[in-house]
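The following pair of complexes shares a single chain, subunit A, combined with subunit B in the former and subunit C in the latter.
Then we have the complex of A and B:
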């Protein structure tokens, strides 16, 4: 194979990257199958399973009743018995219904059976706000980061969605794959070759010298926009796209912060006990005191009301202000409760 | 049952009882969940399972594990926290597992193993394995949503899954009568088009016959079945939980002992003498003494084991 062919890419939507990853893994491994609500002929709520039902049929692309606890439990059980199911939970909010089998059983299984059984299940779920209201918008991935035995990934690009989902479907234990409503219609270059993205590796999405922003999923795009705004003010931001939240790639994160000397964490979920808290604590343990700040949603539910949803979520302007405040604490402008910027 | 099977069932029940009595005298590794009084359910059920079948249970799992044929030495070692246990001492009470012996495992979250069992049944269906998954749970799990979700899916998909609700009529202290609405718990089968039956769980031959009848259509690919066994737990919820029943009530309950009943039945039928029954008792006592000795000679896990098999 020539070097050129090796690096050839195709431009596809994030949702297509998911379908491609699942399709390839299902072709390669008869033990991979999909189960969840609306995953069959409907192709998934975001068409992220388009074409799978037609190719693999109802036995391997299984529509389920609205019963998340059973969906996850049956997936975990089938995984423990030797299969590699992908369980689709349409909204991350509904994962709470499946926490018992996932956390009490799946994540503990290898340990509690002394290595006799493992549960190689992927729970794919969609986080983030896009006008769907208080119980269909949450980003609760930070809750899952503290569960021993559970891996959590949250890509921001089509290539990473593709590569991380393939990696997740080859893992020997449970993985939560978090995607995002606002990412599905975003296109990106994805290698034509079967490029696995290893779990546990962050990506420096933008190089900079003055400050590091760590973030994941859709907020990586917000961080990129903020970095562009700040560039025009002469501030150079480095962005670490975490990609995997558990286990956290502290080497890449700390390496970046050591170079830039300042750290802003950005997430769409709550900052209290959030991803950023863990990042800042680990960096502190590794490097000692570093100027740090957190940006996340306001401490409030995310309304389906457009005005209130915008008010609640971080945007590029808010991130840029937080960065300037962190770098210039003396001249800091007060943090606005509601951003004046458009998203 | 043949006479040989009848005697084997009696011996198996005796082993469970002797095992639990010995374990109850060993509080050094924390409380235990005993199934004394419910031996007939475990033994009757396991008498109809084949090598390829998988049994999953709730936390009260010593009886089912031994009835399934797990090595008493390794079960005892597990319950006493030793590395030579079935789960290397890491599962302990409520989490016994030995899938290669057809015991996929216990799980101590009430109702938590029901959907897992359906997943195991799905794996059997997908691989066209001629096997059945059996989920044994208590009346405490009957009120949990997991059961109702899984009944629906198992019936829709015709999963090879046998539901066995061992109704010992108590959830810790809460009587079944104040917790659950249906008259018979097996009535739930009707709603999902699942064959269902309620039987006396204190008679091993009745349980065995009912289990054999229930599992036949499941094995034949016709979908799930539901069996309710009415039983009595002789001890409190756990070896450290308060007993809520009166002495009189407990005496009445213990008079229904499935071991005494089976012994009396075999003696009355003239197929076993009192001395033979005493011989069986001596045999199981030896097995239990050996299990205790095996466990005591085994090591606790090294503290470094805390981080092994986590990820």
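Then we have the complex of A and C:
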């Protein structure tokens, strides 16, 4: 294969990147199968499993009742028995029902059995707010980062969704793959040749010199918009798209912060015990004190009322204000209530 | 007179992929005929002619991507009219669209 062909890409929808990753892994490994609500003939809630039922049939693309605890439990059990299930939980909020099998059994199985058993299960789920209210909008990926034995990935592009899902389906322990409702309308360039994105590697999505923003998933797009706003004010922002939350790529993060000298963390979830807390603590361990701040949701449920939903969530303007306040605390405008650590 | 077909505004959609043109350049469409199918991230949008017209130039072929509101094709009342330089000054063709 020529170098050019190796790097050739095609533009596809985010959902198609997911379907392609699963299809390729299912073709390569007969032990990979999919289970979840509406994953069969319907093709997935976001059509992200389109075509799989037709190609692989009902035995490998299994529709399930609305029973998340059972789905994750069966997935962990099937993984222990040698399969590689992908369990689809449509709303991340309802992963809570599957925490017992995932955290008490799946994440600990290898340790508990002295390496005799592993649980290579992928729990794919969709986080984020898009008008669906208090129990269909949450981003709880930070809760999962503290579980030993669990890996957590959260891509922001079609290419990373493709490459990370393939990597997740080849892992020998449980992986939680978090996508986002607002990423599904997005399309992006994906390599034509099969490729994985390694778990545990962040990506510098934009280079800059004045400050580093670490973020993940849909908020990477918000950070990019904020960086464009700030560029017009003469502030150069570097954006580290974490891609993997557990394990964190502290080398890339700290390398960036060492160059820029300041750190803003951005997430759609809560800032208390959030992803940003862990990023800032790890950077502090590496580099010592660095000016830093967190931006996340207000400490409130996400309403289905659009005005309240928008009020709760970070947007590019809030990020830009937080960056300016962090870089210039003396002349800063009053801190926006959403910026960080106000509780 | 010339007309253009643009990507209709569909809620939540940023850009579409052209799935299929239902006629080649020179094809006469009648009111109600299916002209083009567009693919969004979750649906197929059928664009139907709201008035008769001749397909004169396809600006976005099947498989190509286009943003909401941007032109897909030029049509005219008659076969013979000379094509305009571009779609910018051209009026919109009356269309009906259905999301499936």
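One rule holds in what follows: the second predicted complex is superposed on the first by the 335 of 343 C-alpha atoms of A that agree within 3 Å, B and C clash if a C-alpha of one lies under 4 Å from a C-alpha of the other, contacts with A are read in each partner's own complex, and residues count from 1 in each chain.
In this section, a contact is a pair of C-beta atoms (placed from the backbone, for glycine too) under 8 Å apart; a residue touches a chain by one contact, two chains touch by 3 or more.
Every value quoted in this text rests on a predicted model; they were computed, and no experiment measured them.
When the shared chain is aligned, no partner comes close enough to touch A:27: not subunit B, not subunit C.
Of the two partners, subunit B and subunit C, it is B that touches more residues of subunit A.
Judged by the touch definition given at the top, the superposed model places A:47 against subunit C, while subunit B stays out of reach. Legend: residue contacts after superposition of the two complexes on their common chain; A:259 is shown touching neither subunit B nor subunit C.
Common to the subunit B and subunit C contact sets on subunit A is no residue at all.
Of all residues in subunit A, only 11, 13-15, 46-47, 184-187 touch subunit C in the complex they form. Put simply, subunit C touches subunit A in their complex at residues 12-15, 17, 40-42, 65.
Residues 33, 59, 64-65, 67, 69-70, 72-83, 85, 100-101, 104-105, 110-117, 148-149, 151, 173, 247 of subunit A are the ones touching subunit B in the complex.
In the complex of the two chains, the subunit B residues touching subunit A come out as 54, 85-91, 95, 97-100, 104-105, 107, 109, 112-124, 126-127, 145-146, 149-150, 152-153, 156, 308-311.
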